[in-house]
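For reference, the structures are reproduced in the following blocks.
The following pair of complexes shares a single chain, chain A, combined with chain B in the former and chain C in the latter.
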Partner chain A sequence: MSGASGSDASAGTTIREALDNDAVLVLGLLLAIYVGFYLLGATLGFQSNGIANSLRRVTFLTAVYAMVVLALNLQWGYTGLFNIGVAGFMAVGVYTMAMATAAPDARVPGLGLPLWVGVVLGMLAAALVGLIAALPALRLRADYLAITTIAFSEIIRFTYLSSTFQSFTVAGTQLGTGGGSGIGIAHTPDDVVIALLIENPIGAVLYAPIENLLTGWGIVPNVVRGWVYAVALLVGVLAFYWLLSRIAHSPFGRVLKAIREDEDVAQALGKDTRAFKIKAFMVGCALMGLVGILWQGSLGFVNPNSFLPQVTFFIWIALIIGGAGSNTGSVLGGALFAGLLFEGPRYVANVVDQSFQLGSAPSTIAGGVGPLFAGDPIPLVAYTLANIAPLRLVLVGVVLIVLMHRRPEGLLGHRKETAASIDLGRPTRDGSASAGADSIPVGDRDTGGEGR
Partner chain B sequence: MGIADSASRGRELLRDQPIVLVATVVVAALVLDLVRRVLAGDVTTSNVVVLVWRGVVNGLVIGLAGIGLSMTYSILNFANFAHGDYITSGAFAGWATTWVIAGLGAADLGSLLLVGAGGNVFSSDLGTSIVTTPGAILAGLLISGVGAVVLALVIDRLVYRPLRGEDGITLLIASIGVAFALRYLLVFVFTTGVRSVAVTPPSFRFSILGVGMGFGYHEVTLLVCALALMAAVHLLLQRTKLGKAMRAMSDNEDLARITGIPTERVIRWTWILGAGLAGVAGYLLILESGTIAYNRGWILLLFIFAAVIMGGIGSVYGAILGGLIIGLTDTLSQVWLPSEFTQAAAFALMILILLYRPEGLFAGRTTA
Partner chain C sequence: MSDATESGPTEASSDVRGAAADAGTAEARTGAAAVDDPILRVEGLHKSFGGITAVDGASFAIDRGVLTGLIGPNGAGKSTTFNLITGFHQPDDGSVYLDGDDITGHRPHEIANRGLVRTFQIARELSEMSVLENMMLAPQRQAGEALWRSVTPGVRGDVRADEAELLDRVWEMLESFDIDHLAEEHAGNLSGGQRKLLELARALMTDPDILLLDEPFAGVNPSLEDRLLDHVHDLRAQGYTFLLVEHDIDLIMNNCERVIVLHQGKILADGTPADIRADERVIDAYLGGDV
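Moving on to the complex of A and B:
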């Protein structure tokens, strides 16, 4: 990051310059992932529809991960609240939306409200549950808060899983969660967004030639429509980024950073830190509820087991890769996790499996190791490719460990913002203060010296 | 002691620890309600006995596994999220041993080592149980502990030792990474299939005061092993210098080092004890339930955290007592709640303890 500028430059240009660079950074990374996927698929003769669909998945996952990581960054990166119950808050958002929008005569009856009302209700419910979790829990140490939030998220999952609430009646209205068999979503956000974008006079005129061009390359119309939603979600990432940067740079955000660095000091300065923490926690939870709707809601069907604790850990890993405390880092972490760690191994296994005839994979690892002694590694390779799903999670774990060893602050963690409205960096020799982005934040020095 | 005296003590208790009073009242109300239900015939006595027995058995597994988590939490200062996967790894190591010993010659080695992953060998073929193949079970029990110890020492060397002195959150996040890597390596090798590994022998039944009771041989095995190990840990920590060194380290690591306590050696012993107990607990858990799966330990982990926090981090007796409380909460809450909510009840109890008595029930009485 060479975004250093002279002290005489106005703040406006500094921000714009940094944003320009960040935009280049994020877009460059996305482009690199696309090119990597395309080259691998194309050289090994993977069909273009398959490549397009994989890239759509990468884009979709990048967008939803970036959004939820941004929300988590507000809680952990800015305020220092160690929330590992993210999956539970997402579940509350999407379940409330599903229950509010389902038709009254559906298998799992609902209120039959329009999608936007459902989204608002979902976010409010997630914020409310966040309040219930936060009110008492914020008194706790970080590791206790972690255990409390994960227990909370499991209690939420058990509640949606239970047959007691499969269907119930409130004030004469039939409602239900569907229990273990899940709940259908009447108006999926992707259908609504796609219809909104391409089924109006201007949209239709713009969309028709794009669709024609892409279907000409052998891409199925459904995949093209999926791309429209994925791109719309990328715009959503921009909106999240804007909102969270506004929060972070507001006086409110400065108090949050101060709480992260030293809550006692913030209290001594007369800030009601409890209220600030609760507000930040609730805003983060509401945004997590929204992402739950945009992500799981777009699959047309939700089931409590989409919200296992490992979902939370995936989001955490994305945040840690990018670097807690930096919004750009959150977006980068989301893209790296979704593209390289989550979709990448599966895509590679898929492509390799289609390109090389390895024969059917043995059903157990013994069937792969046995021929190894006879000098035949192919069955083991085939077994590995067929079981890439668990191996990819091993990779996730190893990356997490290596990050903690080599770079616990993440890729952009050095950009953690200071809890000050002015630059705290020492002036450099030529008289200009070094840019805030490059200086070592005061807080980092503190936490770095804690080791005994 | 005069009446005024006890009255003032009661007032003091009310003022100092209102939560203890509330908890006592709630527990008393629940016990009275249970008695009422039994008398009214809503719940049969033998039903209550079954629930209590299952609660104690589950609680002992949780407590046994919790001792290790409690020790690493207090001595290394971090919540080890990989502890559940040490349990599962130990269980797989132990059961692979049991199967190889019980089934060698009857089935091929690969299937036995993978505990029947391919679906070629089944527990009914081998007839593994404490009654029919006690040698194989005992060998498995031993290897489950040894395997978990080796694993924990290797992981400590590779992952945790370079992070010594980092703050708890860094280590916690690293342990989540270890948990992921371990669990899905187990999936890669043993597959996700849930399978039966032991045959449950018919339980022995008898009746006391007209109440029929049945105890399974495997449950009794678990009870005996768990109590013996707990007694052994108690003696080890009370009678040897290791226990004293551990207490000193959990109190103040720097001071312990200055006094000449070899802190690294104490840490190694902490892992050996903790992981060994976790592996054995995993083996016993599988023996009692009869089926093995890659996520058994992970599912148990939150219960273990609940038990450790309830008992007070660092306290061995607290972990055991907490395990029993959590186990009993999980089973006895079925009397009042739909069965899907028993886990939620145990977690809710943990959250309440964290909020009102974060130092745990055995606070200030850390014994190791």
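Moving on to the complex of A and C:
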């Protein structure tokens, strides 16, 4: 860690070594994003509460994107399963949770179950829908799975949108999706997690001074509590990372990698590739369902419009930026996307708008382009800034095109992580092996064939 | 069953038939050579793609512990026959027996798990995986291939122990194939010949009983070809059975104990290299003559 030991060269190598350390890489990026948003917030004249809240929002988005990108990385990065229905699986997770936990006498009636049951049901439902989507498609080649998943995602969205299922009765129990008007979340995961963390004797003792300190700086208690949830989500990212790294560094993950490289070879070596693909796909979908709950569930209310296909594309872009196949890359991609592409443009537009007094924006693009010929670019800039939210999509598209040209493997996609639970170095006890060079060691041939 | 008449009543065929008759096999299969202890038996295999018949009633049997070559001109149906045997294609008709069990229509991994393992015509190394990962992948029924066992704390120790044991075998195998210096290399960076060595070594890690090698010498330089051949002969001496598809007729004739000739999806001849050399129909088939 103590790197500042003199010459430029050694400082350079120290930095390079530090960048090889994943924790340093991720924390450094988060810090840089925080500094950027702090500066943008300060420029906009935000008070400490506003800045704290904007950083909280960036943290929240970074965490949920990182988690869902990690789940997608299991499917695409490791196994080569082309899932472009991520939004649909998130919808199944959060809707199942919402329907299971809603009170029986609510506007949209539910089963009134506790949150944790809802979470388990949501993940199971997402995995099950994943299975149904995958079963016919996994027998075919990769692109068919892509078509099937996006179709499923839209079928799911329209099902939740449909007034037919707005409320219905199953076996005497009133249930409903709320249709186009959405469904309220009875127990939002953020409230439950915050309560769990700070409304117990130990948590309360630890939390009280933090809240006192921060409210002293003018940050309202609600924002402080929001930060508790955001930090809890970052811990969730660690948990996802732990789980997926363990899968990647195991014989199971090795088979997934082989399927991605060449499924025929994996089959020729006796691997039931269909079973492996289905398992990987279902685990990924269950995790997506969980992220749907933690993300959309915490907004207190869901409606089908939160699950448009563009949500899936955002997640894909985050994965591509970070580099498919690398878990650390997935986290970086999630942070970069959430910070720079999703939240950043809005702030930058506000800063520009405030600093240059562009006046009122024209209502159409023609009104912006017209004056351009008269040598006046201001109306176009004003138009662009006024429509920054939809234009984010254009920015995202441009980033994608540049990335495909310049660095198709993403930030960390070039990394080669060995798929094994142990170090594959040459075992130290040598000698006997090289002596018996005339016969090829094939282990226990007699006991190896119990399959016939 | 007996398509013997298919092979045509030319004079030279009597050699082959004679061999079968000598052995006194009552149910002489398609004029096939005598097979005392078949490990693999193929009967009346038929496969067409659209209007094109790729394999047209091929029947033969492979003797245990014998190095058998399968030759034939381009488009004779060799690769399709391979795919039919190993489950990569489903036959339209006919049966495949491994050790007497009917494995027709089984899925490729089931057939591999029964001890019949193939390699591919164009070396299909897993290029983004290291040589070590390629090798570690192959052994069957690894404890850690179960997802829960790979993930759950507590049982992962078993997985690691299992892997450590495999790793020993992997390094021994790499050393015996003289590719241990490439162990950390990505398989995609290997030369064509090295890939073929890796493929054979990887196939051996599955503990097969019979190996089907699809053009293992294609694109391999002569010195590596000799090394590969030495390995094949070594392994045969250890009791492995081989079925080799090869374009290079001389190579087959000089190394195999038995040769099956496939032409237009049918078995044209089946016998010792000397029999085949003397068979005019084989020469005609290769020179494009009328059969």
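Quick notes on this one:
Operating definition for what follows: the second predicted complex is superposed on the first by the 359 of 452 C-alpha atoms of A that agree within 3 Å, B and C clash if a C-alpha of one lies under 4 Å from a C-alpha of the other, contacts with A are read in each partner's own complex, and residues count from 1 in each chain.
Basically, a residue touches a chain if its C-beta (ideal position, glycine included) is under 8 Å from a C-beta of that chain, and two chains touch if they have at least 3 such contacts.
This is a predicted model, so every value here is computed, not measured.
With both structures placed on the common chain, the touch criterion links A:399 to chain B but leaves chain C unconnected. Of the two partner chains, chain C is the only one that A:262 touches; chain B does not reach it. Judged by the touch definition given at the top, the superposed model places A:421 against chain C, while chain B stays out of reach. Once the two complexes are overlaid on the shared chain, A:140 sits against chain B while remaining clear of chain C. In the superposition on chain A, A:221 contacts neither chain B nor chain C. Within chain A, the residues touched by chain B in the first complex and by chain C in the second are 451-452. Against chain A, in their complex, chain C makes its touches with residues 86, 88, 98-99, 101, 107-109, 112-115, 117-120, 124, 126-130, 132-133, 136-138, 140, 142-147, 150-151, 156, 159-160, 162-164, 167-173, 175-176, 180, 183, 186, 202-204, 206-207, 209, 231, 234-235, 238. Chain A meets chain C in the complex at residues 243, 246-247, 250-255, 257-258, 260-262, 264-273, 279, 283, 416, 418-422, 424, 426-427, 433-434, 437-445, 448-449, 451-452. The part of chain B that touches chain A in the complex is made up of residues 78-79, 110-111, 113-114, 117-119, 159, 162-163, 165-174, 176-185, 187-189, 191-192, 253-254, 302, 305-306, 309, 338, 340-341, 343-344, 347-348, 350-351, 354-355, 358.
Of all residues in chain A, only 82, 136-137, 139-144, 146-148, 150-152, 154-155, 158-159, 161-164, 310, 313, 316, 320, 363-367, 369-370, 387, 390-391, 393-394, 396-401, 404-405, 408, 447, 450-452 touch chain B in the complex they form.
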